[in-house]
Structure formats: C-alpha cells, structure tokens
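Each of the two complexes below includes chain A, the first together with chain B, the second together with chain C.
Moving on to the complex of A and B:
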C-alpha cells in the first residue's frame, strides 16, 4: 500500500516537473539569450531570420537552441536602453495605457461589485446576468462594438479608445462581487450601527477586506493589458502610440538579440508585481474559486 | 429614560411569511429583558427591528419617548453584540472598539480614554494591539462587548452572543454579562435559544414561538407557572412531563385521574378551577421531573435508563407508553441505587406543583395559582 502511494507520488512529481520545465524553458531561453553577443545570436539564429527576411518561411535546421551564452554581454541592453529610444518610447506607451486601465478598472469594479453585493432585486439580477454574459464572450466579439463606440465618441486613435473599454471590464466586477459576498452581513450591519454611512462602509469595512482580491485583480488586469495586441492594432492606427507588446512582434523579425533583451525588460514590471503581491494573488484566486473557507 | 415599547408590531417578509405577529411589550428602563424561543420563532427579527436592521411592516417601536420606526440605526442610540462577534478583521482590537467613536468624530483623547476604560472593564487591555484572528473565541466576544459598551448607548442589544462559545466559556461569559449589567445599569435586550441563559440573566423573559409571545414574566413565573404547554415544555431541563389525564368532579371537589390513579388537588387549584367554572373532562397533567418522587405510592411505571448528572440522577420510566423523567437529588450522606430497567416503580407527583393543561388549547388551567417563588432571589443583578 505504502509502496503504491510512493510510486503514485513519484509519478505526480515527475509529471509536474516536466510541465514546470516546459513552461519555464521559453522564459529561461529569452533571459539567457538576451546576454549573448550579437555574433553568438547570429550564429545560433541567423539562418532563420535571413530566410524570413528573404520572404521565405523556411526555418533552418541549423537553429541552435542554446541556454548558456559563451560570453555574457550587455550589448543588447545597451542598444535597447541607450541607442534606440523607440524601444523606451514604446515601453512608456505600454505604461501609460496599462496603469490607468488597472487603476480605473479596479476602482470601477470595486464600486460596481459593492453595488451588486449590497443591493438585491430583479434589476440587480438582470444587470449582473448581463455582466456574466458579457464576460463569457471572447474579446474579439466586443472589439467591433468598441471600435464603433470609440469612433462615435471621437476617441478613435487616442489612448482613451483603449483605456475606456478597459476600465469597464466585466470579469473584475464578477470576481470582486463573488469576493465581497463572502463578507458577513453582520460586519456591514455592525458598521451601520456604529454610525458608518454607505461610503464609509465601502471604504473602511469592505475594501480593506478585499485587499487580496483587489491585488489579484490588479495583477491579472496588468498582465492582460501589458500583453495586449489586438486592441492597439485595431483602435490605435498611429504606430507612435502603440505599446511595446505590438512592437515586439515586429522587432522579432530581424533583430532577435534585441527582441530577447526587450522581452526581458518587458517581463520585469509583471514579475515585480507578481513577486510583491504573490501572497495576495494566491489568496485572492483561492477565495474566488472557493478553495478556502 | 430608555424603555422600549412595542405597539402591535408585525413583520411580514417577502412572499407573505409572517415572522412576528402583533407584538406588544413594554421593556422598562434599565431592565434586562430576554427573548427566548426555538429557531425561527421571531426573536432575532424582533431584536433587529429595534436595531433598525429590519423594517417594521406594521406597528410602532419607541425607544425612550421617541418613535423610531423610520430612524436610521446609527441614530437610535443603541448598540448591538452579534452572534458571530462582527469584528472587523483588518483592524486591531483598539480600532475595532474605537470605530464607532471615530465615526462620531469624538476627540482622539476622549476616544483613547473610553477605549482604555472599556478594555479595563473587560480585561482585554493587553490585547488592544492584536487583530481579531489572533484572539480566542472568548476574547473576541469581550472585544465585541467592548465595542458595544464604549458608546454608552441607551439600549444594549445582544443577539445570541454566547452561542459560538464552548460550554465552559459560555458559563464564564454569562457571569461576565451579569457583572457588566451591574456596571452599565442600562436597558438590555438579550436574544437566546438557551433557556439557562434566559433564566440566569433576565429580569423578565419573553418566551416566543412562531412569531407570537407565549408568555412574559420573571424567570420564576415562567418556570413555576407556565402559561401553556409550549412554555412548560420549553423552559426547564429535563423538560416537564406530560401525562394524559381526566379532570373529575366528585363530592364537590376537583380531582385528577392519571395513569389509573386518582389524585386530590390542593385548595388553591380547587379555587382556581371553581372560579372559572371549569367543566370536568380530558386534560393533560404536567409535572416537572423534580416534583415527581419515586416512592411506594403514586402511579406505577416501568423503570428505564438512569442518568447520573453529578448532583442528581435522571430516572427515565414509561407510564402508559409515554416516557417520563424523575429527578432524584443525590446527597453524599444518602446513597442512591438506580432502579433496574424493567422493574416497576411508583411515582408520586407533588400535587402542589402539578399543572393542568387544556387538551385542545394547551392553556394552563392553573396558571398563576402556583407558588412560583421557589426561593428568594436577592437582587444581585443590580446595584
């Protein structure tokens, strides 16, 4: 019996390890390769991109996936950070699109979720149902209406065409509503009896208890919009305003060494955010999935 | 003055579910009133209507001289202790207690003074910097009470505050509440389903069932002279024994026949029944277990199990297929041998303490005629 359990556990461990390695490999490859010299990059990947440049999609058999650089070099980073300002400009575009979306979406979702939590009735149920339906739709379905509304509002080809739809995303509202409903009604009643008004109940009682959910939503939204491609491609025709996520796909062709460095830099904000809020993220998601308590 | 008056108060929930029917009650200033009853009897709903957490469908509620039907909870000058403590988990004990004072924009120094005073009363001074998750159940309950007393409200509302505690802690906290009451000297409304809490804490008890008041009275009145079978069965552990009986009229006196035996009723019962010209017929005889004495006379019963509780033994027996219980006090001087299961014993009711209930309405035909002051209770609850 004990032997069977040991075999089972070993099998689970090995399978998990294989999956973990498979998930980590591209990230590790990107980071380590970003420290290679241009000549080493060319030697490893040159064939692929020469073919791509000539219009062929042929990938050379000479591609050499190499994890450890022969010589550690910061030349790709120097080029990205000091010699080519367009990368930093795109990076800044990503920041000024993503940060307002995160702030606005968390703010709007908190208020909407509080409303859905505190007030009951048929109208609330109907609106919430609409939210859920909207959430279930793939983003591509709402992209056309977003385009039409943006054009009608005259904000097409401005950052607001991305930020405004981002601020009113239903998924965050849904998650936060589920989380807020876990707060015992007696806490809200106690606050009421203690003299708190609705705004104070929201800010002093409800929001502090949703810290984990707010943080996890902020991280998820950040990752989602930090990596967006379709929205800027359709709603921001002006290439100057497009974020790095769009630009990355373009520099992959031809400048693979730079692409590795840019991708590594691009990962840093997400990674820092994740590391800082890992505890909250796990707690927030676990609560929403009713894993806990 | 903080009396609480209910005038024809009714609560009807959606889909027509009536939680409280025509509730009329006057709770006196500085009185400790306990609402007791089984789950779903409407006691918490009534309390929540006083708090303003439930709307009133019909009737009026006054706190002091003020009609509060449409007054916001925060403006009713009340505080409430919840069953699950309702402590804010993200705040320290200090901030929890100070929350209501901060909302009222009280000066910081005054807040600090009041919080420290409350903490000292409840012996939680060393816990002020902790968060609720770092407290035991009993400590949380103290903090919840602290949050309530710091405001010095006109009326304290307590909704089953001890239900989440274990038996030992519950007994301890019950005593704390009695002491707190002596200090605060204000009006308390306390909701519980635990009759021991009701009996030990209340100046008066309201026994409720299905949204109706079954009886209002002092603990002694409710226990010694229950108004009906519901109250008789609900108050008291082990509960009152009920035996099918017949009320007889023989030679100008009422008698009671139960389990084949005829018992004389005392003069006080004779007077009560005569004054109401009660007709003979089928009734239910009620007798508390401690008033049923095992001896050589009385109705025969088949002994069943005996339970030792420490100071007493509960002897279960079958009388005409109905289980009844007799409580036998145990003293160190006299030993006690429990009857062998299946053996025949005789149970003699103390006829001065017998209750007779109308078979159809459940009403106690002798209500008010019993000697309810079984012992003189010094007024220890109040200074």
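Moving on to the complex of A and C:
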C-alpha cells in the first residue's frame, strides 16, 4: 500500500515537473538568448527570421534552440541602451501610460468600493451588478465607445485617450469591493461611535485593512496594461507615442537579438513586482472567487 | 434631514467619481454606438433599424471572424477550465517543490506578449524547431501558422498563458472545502473519484463559473498574440473579431463597427446569463 502511494506520488511529481519546465521555458529562453551576439542568433535562428544581413553570416541548415550562449555578450544591451534611443523612448511611453492608470484606477476604485461596501440597497446592488457586466465586456465592445468619446473630448492620439478609460475601468472596483465587504462591520461601527466621519473611517480604518489587497490589485492592473496592444493600436495612431509592447512586435526581422534584449528589459518591472509580491498576487487572484455576490 | 437622504448623499460622494467616469467613458458612448448602429450613416441619420445588422451578417469577413472567434473560444475555454483544475489537483498531492512549481506555472503572466511571440515563432515557423524535429523523425512538415493548424498553435499559447491563473483560483477554492466532509468520506471508504465528483466539484461550481467567464474574456484577447504573430491580415483560420474591428476602424465605417460591437455585447450578455443560470442550478444546495 505504502509502495503504491509512493509510486503515485512520484508520478504526480514528474508530471508537475514536466509541466513546470514547459511553462518556464520561454521565459528562460528569452533571457539567455538576450546575451548572445547577433551572429550567434543568426546562426541559430537564421532560417526562421531570414535575417537581412544573411550574406555576411553563417546560417545553419537546422534551426537550433539554444539555451546557453557560446560566449556571454552584452552587445545587444549596449545597442539597446546606448545606440538606439527609440527603445528607451518607447519604454518611457509604456511607463507614462501604465503608472498613471494603475494609480488612478486603484484610487478611484478604492473610494467607490467603500461606497459599495458601506451603503447597500437595491439600486446600488443593481449598479454593482452592472459594473460586473461591464468588467466582463471584451475590448471589441468597449473600443468603439472609447474611440468616440476620445474624439469628442479631443484627446484622440494623446495618452489621455488610454489613461482616462483605464482609470475608470471597473475591474478594481469589483475586486476591492469583495475585499472590503469582509472587513468586520463592528470595526466601522466602533470608529463611528468614536465620532469619526465617513472619510476618516475610509482612510483610517478601511484602507489600512486593505493594504495587501491594494497591492495585489495594483500588480494585476500593472501587468494587464504593461502588455496592452489593442488600445494603443486604435487610439494612438502616432507610432512615436506607442508603448514598447506594441513597438516590440515591429522590430526588424534582422534584429532578433535586439528583440530578445528589449524583451528582457521590458520584463524587468513585472519580474520585480512578481518576485516581490508573489504572495500578494496569488492572494489577489484567489480572492476573486466567484463573480456573483 | 432624514437618515435615508443623508445616506444617499454620503454614498454618492464615494460612488460619484467612479460613476461619473463610467458614464462618460463607457455608458454614454455605448448609447451613441447603439444609435449609430441603427442609422444609415452619420451624415444621413435616417433610422434603418436592423439594416446594418443584416448587412453585417452578410459580410464575409465578419462571418469568418465570428466563426473563428467562436471556434477558438469553444475549444480553448473548456480546456482552460479542465486543465487549470487538473493542475490544481496535481499540486494538492504531497510532493516536494510545490511552491516552486506554483511560481513556474504563474511565470507566463509576467512575460511580455511580444517576447512570447518571438519564441513561438522560433518553434512554429515553417523553418522552426518543431518542423526540424519532425523532419529528423522522418515526418511531413506543416507550415503551422499558415494552415488550418494555426488555431492549434494559438490555443497552446493561450493555455500556456492562462493556466497558471486559473490554477490559483482552483487551488484557493479547493482549500476552502470543509475538511470534515472529506474526512467523513475517507472513513466511509469513498473512492477518490467519488470524492471528486460528489463533494469537491459541488463546492467548486462557483469557481468553475468564474474561471469559465474569465477564460472566455481572455479568449477574446488572443487577438493580441495572433496580431503579433501574423500581422493585420493573417491566414484565414486566424482572422479574429479584433482583426475585423481594427481593419474596419481603418475605413472608419461607424455603422459596421457599431453594429458589430452591439451584436457582440448582446451575445456576451446572453452567454453570461446562461452561465449564471447553470451555476445556480448546479450549486444550489451548497453555500457559495
């Protein structure tokens, strides 16, 4: 019996390990390949990307998926950081689009979530349900309205066309309300008896209780907008204003090595957030639970 | 002043900013979209009711996009739910390195879409790794991204990206099942299969609903990957709803765009309502 269980567990372990490695592979590959020289990249993937300067470099017959560079080289990074300012510019575009969205969305949402938590009623329940439906609508539905309102406000082709709709997206409201409703009512009642006003209860009692939630929601929102493609494609016609997430896809086929280096640099903020806040992130995801209620 | 009015005023102070933003950026413009979908053109605002919708349903690129998107969601969403649950059950076992595995499964979340696409190209390109592997094994190669196998490639990408998230949702739901119930089942000698279907699945039903809806929404976002892999005009089997929208945006045909957006909203609301009903029926005897 015990032997059978051990075999079972080993099988589970091996299955999990295979899956885990497959999941991690693309990430590792991106990072290690960013330390290869352009000629090594060409030799490995020349067949795939048919690099423009193929005449000068050796192209292998077979495609080679390689993990460890022959010689660790920082040449791609030097190119990205010092020789091609457009990458850093696009990176900055990503920052000035994403950071305001995260701050504004979490800010607006925490105030609204308090409203949904403290005062219940049929109308407010209906509004909340409406937020849930809105949250579930795909971009294909919301992009046309977004476009129309941006044109009407005259902010089309400026970063506000992306930031403002992002600030009011209902995702954070939904998640934060679910958190806040778990705060014991007695805590709020006690503060009220002490003579605290609603704003004071919100800032002094409610927000400190939600610190972990705020952090995890901020991470989720950041990851979502850091990778946006649909909105900038439609709302920012000007390629100069587009974030790196869009630009990365348009990197010349002859510059695959640079693409790996840029991708690695682009990964750093999410990687840091992830390593630092994985527990919060997991908790944030886990708390979504069900859509209703 | 009576308490009810005071409450309303207070709640409006807090809900106000968010409501105002939602009204300005989502509700009012969506109303305009509905209006646009019902008129002949912006210059000639004559009501034509369902004409734009009829034209849309006769538009071949719309039909292709709708079919592809529906097919993709119909395959990818159930897989994302089942495999997400399977991973969560896998990590329920007492095995070493559990938390590391969890981290690995979640890692696709942080990888920028564009770099994922780069790797996918290396693997699935006509001259890519998969084909050279097939050649060396003596098989026939397939140009994966420019064939009817295209959706398969995109489905693997979708699953790779979303399974970790779904797994976390299921793991937390599994942890919330009352232990006593499972212990009683153990004492009674219930089989693992019985325990799963009779107890666990019952308690998981709200999570199954949530994961299904979440995966459905994410399946509409897969345009991002397809666009980055193949550009604005991909092989026909990879032409999604968002391609249709983007290309229609280029010609600024608002009647077509609006009708498509409204149609899609209606379909989404119907799907969500059906899923809610199923969950009500399935999980009615368990406290969610």
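Of note:
Assume the second predicted complex is superposed on the first by the 268 of 293 C-alpha atoms of A that agree within 3 Å, B and C clash if a C-alpha of one lies under 4 Å from a C-alpha of the other, contacts with A are read in each partner's own complex, and residues count from 1 in each chain.
Here, a residue touches a chain if its C-beta (ideal position, glycine included) is under 8 Å from a C-beta of that chain, and two chains touch if they have at least 3 such contacts.
Just so we're clear, the structure is a prediction, and the values are computed from it rather than from any experiment.
By the touch criterion defined above, A:109 lies against chain C but remains apart from chain B after alignment on the C-alpha atoms of chain A. Of the two partner chains, chain C is the only one touched by A:13; chain B is not. Legend: residue contacts after superposition of the two complexes on their common chain; A:76 is shown touching neither chain B nor chain C. Touch criterion met: A:208 reaches chain B, while chain C stays clear of it.
In the superposition on chain A, A:93 makes contact with neither chain B nor chain C. Contacts of A:184 after superposition on the shared chain: chain B is touched, whereas chain C is not. Between chain B and chain C, C touches the greater number of residues of chain A. When the shared chain is aligned, chain B comes close enough to touch A:196, but chain C does not.
Judged by the touch definition given at the top, the superposed model places A:242 against neither chain B nor chain C. Annotation: chain A has no residue touching chain B in one complex and chain C in the other. Put simply, chain C touches chain A in their complex at residues 7-8, 10-15, 17-19, 21-22, 24-26, 28-30, 32-33, 87, 90-91, 93-97, 100-123, 125, 127-129, 132, 160, 163-165, 168-169, 171-173, 206-207, 209-210, 213-214, 217, 220-221, 223-224, 227-228, 241-242, 245-246, 249, 254, 257-258, 260-261, 264-265, 268-269, 272, 276, 279, 288.
Taken together, the chain B residues at the contact with chain A in this complex read 51-53, 73-74, 78-80, 82-84, 86, 88-91, 99-100, 103-104, 147, 151.
Residues 8-9, 12-13, 15-17, 19-27, 29-30, 45, 47-49, 62-63, 65, 108-109, 111-112, 114-116, 118-119, 124, 127, 131, 133-134, 136-149, 152, 164-165, 167-168, 170, 173, 198, 202, 223, 226-227, 229-230, 233-234, 244-245, 248-249, 256, 259-260, 263-264, 266-267, 270-271, 273-274, 278, 281-282, 285-293 of chain A touch chain C in their complex. Taken together, the chain A residues at the contact with chain B in this complex read 184, 186-187, 189-196, 200, 204-205, 208-209, 211.
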